[in-house]
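Can you read through this structure? Questions will come right after.
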Amino acid sequence: MSGSTLGRLFRVTNFGESHGPAIGCVIDGCPPGMALSEADIQHDLDRRRPGTSRHVTQRKEPDAVEILSGVYEGRTTGTPIALLIRNQDQRSKDYGEIAQQFRPGHADYSYWHKYGLRDPRGGGRSSARLTAPTVAAGAVARKWLKEKYGTQFRACMTQLGELPIAFEGWEHVQGNPFFAPVADVQRLEDYMDALRKAHDSCGARIRVQATGVPAGLGAPLYDKLDADIAKVMMGLNAVKGVEIGAGFASVAQRGSVHGDAITPAGFASNHAGGVLGGISSGQDIEVSIAIKPTSSILTPRPSIDIHGAPVQVVTKGRHDPCVGIRAAPIAEALLALVLMDHALLQRAQCADVVQVPPPVAANYQ
Amino acid sequence: MSGSTLGRLFRVTNFGESHGPAIGCVIDGCPPGMALSEADIQHDLDRRRPGTSRHVTQRKEPDAVEILSGVYEGRTTGTPIALLIRNQDQRSKDYGEIAQQFRPGHADYSYWHKYGLRDPRGGGRSSARLTAPTVAAGAVARKWLKEKYGTQFRACMTQLGELPIAFEGWEHVQGNPFFAPVADVQRLEDYMDALRKAHDSCGARIRVQATGVPAGLGAPLYDKLDADIAKVMMGLNAVKGVEIGAGFASVAQRGSVHGDAITPAGFASNHAGGVLGGISSGQDIEVSIAIKPTSSILTPRPSIDIHGAPVQVVTKGRHDPCVGIRAAPIAEALLALVLMDHALLQRAQCADVVQVPPPVAANYQ
Amino acid sequence: MSGSTLGRLFRVTNFGESHGPAIGCVIDGCPPGMALSEADIQHDLDRRRPGTSRHVTQRKEPDAVEILSGVYEGRTTGTPIALLIRNQDQRSKDYGEIAQQFRPGHADYSYWHKYGLRDPRGGGRSSARLTAPTVAAGAVARKWLKEKYGTQFRACMTQLGELPIAFEGWEHVQGNPFFAPVADVQRLEDYMDALRKAHDSCGARIRVQATGVPAGLGAPLYDKLDADIAKVMMGLNAVKGVEIGAGFASVAQRGSVHGDAITPAGFASNHAGGVLGGISSGQDIEVSIAIKPTSSILTPRPSIDIHGAPVQVVTKGRHDPCVGIRAAPIAEALLALVLMDHALLQRAQCADVVQVPPPVAANYQ
Amino acid sequence: MSGSTLGRLFRVTNFGESHGPAIGCVIDGCPPGMALSEADIQHDLDRRRPGTSRHVTQRKEPDAVEILSGVYEGRTTGTPIALLIRNQDQRSKDYGEIAQQFRPGHADYSYWHKYGLRDPRGGGRSSARLTAPTVAAGAVARKWLKEKYGTQFRACMTQLGELPIAFEGWEHVQGNPFFAPVADVQRLEDYMDALRKAHDSCGARIRVQATGVPAGLGAPLYDKLDADIAKVMMGLNAVKGVEIGAGFASVAQRGSVHGDAITPAGFASNHAGGVLGGISSGQDIEVSIAIKPTSSILTPRPSIDIHGAPVQVVTKGRHDPCVGIRAAPIAEALLALVLMDHALLQRAQCADVVQVPPPVAANYQ
């Protein structure tokens, strides 16, 4: 409480406002003895960074991370790891007009009613900038999970606005600013340019996957693995929907189809998305999230000010025409943080469970 | 830890197995002084009860709740409220064959890998029977929220298998076993009968709504209201997807449309689903969940046993051909538990916030 | 929240009032696969039970425990273990007069101000009866710790009122109703009889010890092992002081004496009481607690009623002339619960730590 | 987890090592709208600072605090408040010899067994330097409690080594480096000088008091106010004992004396120390703690190194000959943090409790 800590055993406390002096996080509960350096974390932050393409926010933040504690002679000590990122490129004057108004689709109105005041600069605490510390913490979790279990995380865009994006291969994701799994993104570029001209925005659908996941993660009843995944994903700025495996398509499926059959060679399908009864089965974890269109657009929107008088709101400044474009690395980090927390929880309670055959079922390809 | 407690301030600890002596919960943190009796709780349990129509599980459980503590002379004392429900109609012999096998789509496989053993009778801890204590606790939360804020909860089915169900009115929901908001459910009945004959099952989509919600509930960053809603919903047995407001339809929307405009008379739309920036805006909270088809069907399914040898699994016994048919009252209870927890959290941190105009915007109808 | 849950990974939620239908607890997080039966738990409850000597409360409660969940075919499943104890010998009429008054030294006054109401029968939630579920949960923890590490717990009385009790040997503790480590308790019996005649009460000092404790338990900064021990002990009814190792005698010691020297054969002393820097060192854990005299005495005491008018309070009924007489088994249980929780926490974070020499230092005898 | 967070609603996460780049904390859950500046916090840090007298550690740290988040235009926003203190005067070369050895009375041995490694410089995470962020957070809590309830905190030394210090008046505490409540501290100065010459150290006893405490704080059973107070105090570096009210003197008291009588004018005594049944009564909270003698002394002590070979350890460097001399402001901060947390908890659960007469009893003087 109140709200800025994620996890129970691998605990990440996030602090900062978009235009404050600094943002960062404190990780408590990291196992000791793991090699860790700023470079390990910086890599993930750079993937997320604004200003890396013309389709995203033009705020120039180096997002250089500094490790303030918890690492000694290059190894984690088991004590809290504090990560600091100084804000540098805040342009507060871009937000001057907004302070008295409630921008439609933004958190202004609800923050006003909750706190009675708000830091309006750059969205304050509600800004997507606060995903940077989350990604930083995620980098630590990813490193540990990879070293222990070979777990890996990747995400890609599967829909941009109303354009579906067919999956050609993971190898394409790094080669375009959309994190799209396709070789040619020209139609996506054209779509975005048209949107920008129209002073409007669109949403996106992101697929997030984890491979090499050990079976047994998840704590029924209420702290199930998929429940915690849904929580972190829905908590990500602008997310309005979360699916695991077949997701909403499950509604129209038959039980004789949806239930993944098991053979001695492994699972025959993966409608479950890697989670059965709230616990990982060893299959790939497959998650899909829906990101709403950016609320900050140049098109004037009707709203009211703090006195209740009608106004037209135009959100100037540097904004992503599609927030979802930067979501992929953040979603990967969030999934890693959940798996990390549950991996430690599983160690706590079930360290003595002798893994009896059958061996983990092979993944459906 | 490990996993059976929901909430931080209105804390519900759930215990029990499907075929054990009893199931129940302990509620810690309920405000004192509220009138409470078994009847208040029994009402909600009866709505959930199996055996109330021919389309649901034919297990006959009276689900009579007993209050063991926390209530004195008809009022809550502020001390833990323990609720007990004795199991009576367990037919363990129906499950004898299953103990050595992993039923596809069920938790058997993942529980095996997590705990190294499992109570196979009736699904043990993974059974939907354990939603009864959740509903019981939800009844307490609903009572308090209604008395304090006038908050009310309701849910209905919006899709059965591949059949969409158009919304005619809330008044129809209580009149049919599907919780469908329509006057005539004959086609749904026919659909279910055909399914039963085919020894198969289907999924369902449920809409859950809360009205009279105070603004300001939700704790950014990680304990946002919609994040916690997603968690409890995804944690409900058989749920594979959760949406808030426009949900996955947001992807294809434009920012100029999705962002709900505000006028002095109130919000002009509710694509946000009542949550902005993770905090309630005062608008109705609108949630939609996807429930997968029942995994327990009479059609044989390929699987393996605990030695890894291939088997054909037939899950006999008394099973819902559509689990989603009983989900509505459970989803209402879950939403109530989340709002209750956040209402107390808001009191903790923001009791002194003076609500400055503008007044809460009226809901879009 | 609010207050009735102990532990983070081995979580015990306690419910019940002294004169309600039942008391009990739910244990969440117990490792799976351990043999457990009612008999394992009943043994510890019987040691605590009222009515086992003429010096303690004459309320006759069998305190028969029933396991409602979490055990299957004699082994823990890893799911919550609910333990129920029905109240039988409540004599509510003994408390009729008290309901409008605040008994000095009791919780009445503070409960009134906190909750605005209270269950006055038998002290309601503030009664020492609620230590029974704690002892029941402690039995489960003790069993696991003994099987895993050979850890054992024992406690004895070291002072009764103003009478110091010299330590002769642990073997005497079970042979007298005082849990005193001496062969002859006649002077203690005489002291108590005189106290009873005088309608008064006295306090007690209890020593609690754990042997066979693994090194490494405790989580600096704030969840140190000794900090958590202090918490559970001070939280026990009637406790007003807690010491670890040399305790308050440390104040007058020199650093050259207090700091326990280490030799290749082991520690040369144990002023630390088994905890260094908040983490167990492998030495015996030594705790001492101060229990205040029973507040319920037949001597009239000045007080006020709920209207503020002066009254003379006489607490009739069946009360311990020295509450501390039953404290030993409860203190053992509390220490076990703390060590259990920290053992799981250590597994969570440090499972991969390779124990490098030197070997655990031997205990100072 | 793991261990570096204090509180549930007013949550303080502490990070840093003695010789790392920085130390600090993140406060989550502070109510919004309170005026707060670095100056408010710096004041308390200066009282704690090393190098302010010749009897304490001669490390020169300005301990300048920087607010990184959670404050906007001079008022708390309700979002996390991150406080940063850069380390400046680390002299790592003083610690070179110690890295391979376990200093008696220190955490070295237990940290080694817990984590498998440790940062040896200046005690790493186990250093009392980490009380600085605690004091910083305490300053925020003190401000809020003072503004809301008029609560105030003060502490003084009541015993130095074997010298008892009689209480003359609170007004003397600020006038000497011992926080002693006496006009003339010459004998204390002489005592310390003799100790320093002897290359040894002594302990101290500290009294901590809170006045203007609202009744009703504390959450039975396990999160009682005195239990949480005991936890934070025992968790403070070098503390070996905690008492509330009459403390260990309660053992020899009679119930007819210990139980504080109540009159229409107020309580007639305060043996309870302000806590009844684990809940504040409105009386002054009185706590006493025992601090052990500093383990770091120039007198050689026998120990072993990491290979188990015997060594003589001499802890050079700049160390307090009596750690307890700086404890008073830290103990005040800790008590404030506990009361703050419980004040919010009380608001969460009992905001609607109508305070019925009688009025809060006056304090015994």
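Per-chain residue numbering starts at 1, and chain names A, B, C and D are given in the order in which the chains are listed.
Quick note on the criterion: contacts are C-beta pairs under 8 Å (C-beta built on N, C-alpha and C of every residue); 3 or more make two chains touch, one makes a residue touch a chain.
These figures come from a predicted structure and were not determined experimentally.
**Student:** For the interfaces B-C and C-D, which has the higher count of C-beta pairs in contact?
**Tutor:** Greater number of contacting C-beta pairs: C-D.
**Student:** Could you tell me which chain lies farthest from chain C when each chain's centre is the average position of its Cα atoms?
**Tutor:** Farthest by centroid: A.
**Student:** Could you work out how far the Cα centre of chain C sits from that of chain D, in whole Å?
**Tutor:** Taking the mean C-alpha position of each chain, the two centres sit 25 Å apart.
**Student:** Determine the centre-to-centre distance between chain A and chain C, using the mean Cα coordinates as centres, and give it in whole Å.
**Tutor:** 45
**Student:** Between chain B and chain C, what distance separates the C-alpha centroids? Give it in angstrom.
**Tutor:** Here chain B and chain C have centroids separated by 39 Å.
**Student:** What are the residue numbers in chain B that touch two or more other chains?
**Tutor:** Those would be 1-5, 8-9, 14, 29, 32-33, 78-79, 114-116, 125, 220, 345, 348-350, 353.
**Student:** State the interface residues of chain A toward chain D in the complex, per the touch definition above.
**Tutor:** 1-5, 8-11, 13-17, 20-24, 26, 28-29, 32-33, 66-70, 72, 75, 77-82, 84, 114-119, 124-125
**Student:** Given the complex with chain B, which residues does chain A contribute to the contact?
**Tutor:** For chain A paired with chain B, touching residues are 1-6, 8, 14, 102-116, 125-126, 130, 159, 161-162, 200-205, 215-224, 226-235, 240-248, 250-256, 258-264, 268, 271-273, 275-282, 290-297, 299, 301-304, 306-310, 345-346, 348-350, 353-361.
**Student:** What part of chain A is in contact with chain C in the complex they form?
**Tutor:** 8-9, 29-33, 78-79, 220, 344-345, 347-353
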